[in-house]
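We just call them A, B and C in the order they show up, numbering each chain from 1.
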Amino acid sequence: MYEFNRNNFFSIKKIYRATEISKLFEKKLIKTRITNDFDILDISSLKNIKKNSFLFLDQEFDAKKNNIANILFITEKEIIFNNPNFENIILVKNLNESWNILLNLIYSHEDSSDYSDEFTKIDNSYISKYAKIDASSKIYNNCVIGKGVEIGKNCIIKNNVVIKNSLVKNNVVICDNSSLGTTGFGFDYKKRGASDLNPQIGIVIIDDNVHLGSGCTIDRGKIDYTYIGKNSMIDNLVHIAHNVEIGDNACIAAQTGISGSVIIGNNVTIGGQAGFAGHLKIGDNVVVAAKSGVTKNIVDNSVVAGFPATDIKKWKRQIIKQKKDGY
Amino acid sequence: MYEFNRNNFFSIKKIYRATEISKLFEKKLIKTRITNDFDILDISSLKNIKKNSFLFLDQEFDAKKNNIANILFITEKEIIFNNPNFENIILVKNLNESWNILLNLIYSHEDSSDYSDEFTKIDNSYISKYAKIDASSKIYNNCVIGKGVEIGKNCIIKNNVVIKNSLVKNNVVICDNSSLGTTGFGFDYKKRGASDLNPQIGIVIIDDNVHLGSGCTIDRGKIDYTYIGKNSMIDNLVHIAHNVEIGDNACIAAQTGISGSVIIGNNVTIGGQAGFAGHLKIGDNVVVAAKSGVTKNIVDNSVVAGFPATDIKKWKRQIIKQKKDGY
Amino acid sequence: MYEFNRNNFFSIKKIYRATEISKLFEKKLIKTRITNDFDILDISSLKNIKKNSFLFLDQEFDAKKNNIANILFITEKEIIFNNPNFENIILVKNLNESWNILLNLIYSHEDSSDYSDEFTKIDNSYISKYAKIDASSKIYNNCVIGKGVEIGKNCIIKNNVVIKNSLVKNNVVICDNSSLGTTGFGFDYKKRGASDLNPQIGIVIIDDNVHLGSGCTIDRGKIDYTYIGKNSMIDNLVHIAHNVEIGDNACIAAQTGISGSVIIGNNVTIGGQAGFAGHLKIGDNVVVAAKSGVTKNIVDNSVVAGFPATDIKKWKRQIIKQKKDGY
């Protein structure tokens, strides 16, 4: 896990005590069990559990094996609530709506009207007063660098680039008209619209020596981060959704789209216009042919093609068969 | 139909009388029949007929059932011209070229060299003197808001967003690097090039509580408008062409493209990288799987997948068969 | 071939003599044979051979038939080096790495930290002091026009457009948020990352009366240029890679992607979301249906569809067969 200080990006509007949280849910609250009280200073995910935080829980979790001191769990599953190992837990009616209620009350985030930042025009771009950019890095024209953003050494940020809610390491090149740290497309299918999108309070991390092409969009994580590994090369008009993690040395051709929470290994090669369904695990050294539609996990060293993507040799046999059928 | 004042966006260069119009076509004119003379103040479409306007007619139209007083019809079909129910009608050689001639003479539009707008720098964006933005809405950095544009209450327009020729209602969020009100891709296949593109003098309407992602493009209507219904959520790098109308509560994933004049019902869910051929009708509650290529109308409550898109159960059977063929 | 002065875009840091070049390769150098010495003033490609230049050679080349006076060849193939017809030639260990070494030493290019340009704010855009824009052309807001760029007569460059390393002829319209002259995605699969991308020192040429939509990306050539022919119309979110050449009167619908070095004839019509593999030759008057994946050369007057793209009649028969299989 990479650590970052969420408060640099999204300010806490008010520090609540654990015992105060349940009231915030109003009609969504069912019941609550708080054993000790504490300040809520951050949010945890299952991947990254922090003291003095809350954690939205919708799946099995071993409350005994993990250190859960000063963590407030929120769940919509009574079976989880009834597990006595959870010392501090709230049962709510709808986890997704409860997320929206709580996050909107606690955090000032980019999609809420109380969000603010302060910009200074430096050279020809708008740079937040709360951004840190190494003097060796170059920012071209009409860029926007938002608060909390850190840009390391020897980076080149070209023109009309928007970087918000992101940490950019060293020797990174980001080409024109790309947007980083944009809002992830997270929601409940039953409640739609801008005001019901889930607040996204994670970030984007671009590691050393990444090349990002033009017109790309990289959404920030919901809680943790979207990550692009070292020495990865990404072509133009690529979309990378929230929580995606891409290993080192990736090569991703133009117009590919990677849905939310996909985890990709090291040394992958992905052709143009490929698409990935959400929550997949893609192994190391995988090659995905252009225009593939990947719908299942892929093990290390695989070469896949087609939609739904399959072993490329099988796909080629399918194509030959189809051609014959066409006569 | 939603009404808007076209003159707020595209100024009329000269108000012609109906009897003056035929001369403008020069060599494209075949014959003319004007029963009464009147000022030409606007343009009609078959969906939205207005008095004191002209209407380009290329299909059957019941001149008796509709109120055609003070409407000047222009057609390339002699059978339409010969219908005596049309009181004011012009027969031309080529309807598409006649569109270009007439629109370029009457309107100053965004793709003509005589177009102009006046911008003021407000905060860090360029706002037209002729745009109206509610004080409760926020415009971030490097945006351009063109003339005639109205933005309602509590909207968030992020960075490097271009909004022209558009009405944006309330509680709308538009993310970084998106472009609204851009020029529709309308033309005659036989005459190509920037100077032969059809002038597009409609607008874009974004209704309440819409979320539009980053890097999207929404073209304005040719005569009327491109419309995004209430509570719709659109992900990144989505292309929506001219005259498309999308109902309420749509959910459209990244990199999807919707061709011109597609009409989509309420509550649709569309996966990423899907594509729609032009002029289709898509019903309510339709689900379109990712990477689908929709080539035909889809009735209410359908779930489709594949290219050409078909019922998802049939598509899955096809896939199983193809996999077997691959062995 | 269209001629351009590379120095207008990418300045030579130092003029080397042919005899000095071999030392620059350091450990990559194997051996060298220099018959006469001369100044290295430019780079040649096999398409465009210039005196007083170097030429990276990885394929057969008739050194007798071509005028090779004052050309320094660089190759990694001993069989080429051993051909005595090459008067001035260097044998290196890795042609791709040698490209990077030499280009980074000789040229200050956009992806190197020593690159610089000087901008003046004119109206509401940043224009390089070294760009030439005809007074009859309009540049809207928040654009960036880089050094060496020339824009001809009666062009309309809309908002937030980035044009670098490009020659734009007359009557061209470029819509909002598009990027021209961006960095091509050229590299060796074995060495990845921003610092190992091949320096790209070619340009983009947009010929007369081209319409380019919104959110497009057009990469510059590696040595020569990416070219869009007269009267071509390109829709939104289209990606055109380095070295692509498109003939006159092309019509390319939204979200299509064309990989590097594809050569396309005149009068082609390409549907939306189509993709082209690299290095293909596409004939005149070809029609490529939407969502096609073109993997092979296409002869004149063909109509193709599907992935891999095939004759559209065959494709339709395949589809009918697949549908039957789905029952």
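Assorted remarks:
The criterion applied here is as follows: a residue touches a chain if its C-beta (ideal position, glycine included) is under 8 Å from a C-beta of that chain, and two chains touch if they have at least 3 such contacts.
Computed from a predicted structure; not experimentally measured.
Where the sister copies chain B and chain C meet, the same residue numbers recur on both sides for under half of the interface positions.
When the CA atoms of chain A are superposed on chain C, the rotation angle comes to 120 degrees (nearest 5). Here the spacing of chain B and chain C, counted between their Cα centres, is 34 Å. Contact with two or more other chains is made by residues 142, 160, 177, 215, 237, 255, 273, 322 of chain C.
Interface residues of chain A facing chain B in the complex, by the touch rule stated above, are 110-111, 113, 119, 121, 126, 142, 144, 160, 162, 164, 177-179, 182-183, 185, 187, 189, 192-197, 215-217, 219, 237, 239, 241, 255, 257, 259, 273, 275, 277, 293, 307-308, 310, 314-315, 317-318, 321-322. Contact residues on chain C toward chain B in their complex (touch as defined above): 124, 136, 138, 140-142, 154, 156, 158-160, 171-173, 175-177, 208-211, 213-215, 230-233, 235-237, 249-251, 253-255, 269, 272-273, 290-291, 319, 322-323, 325-327.
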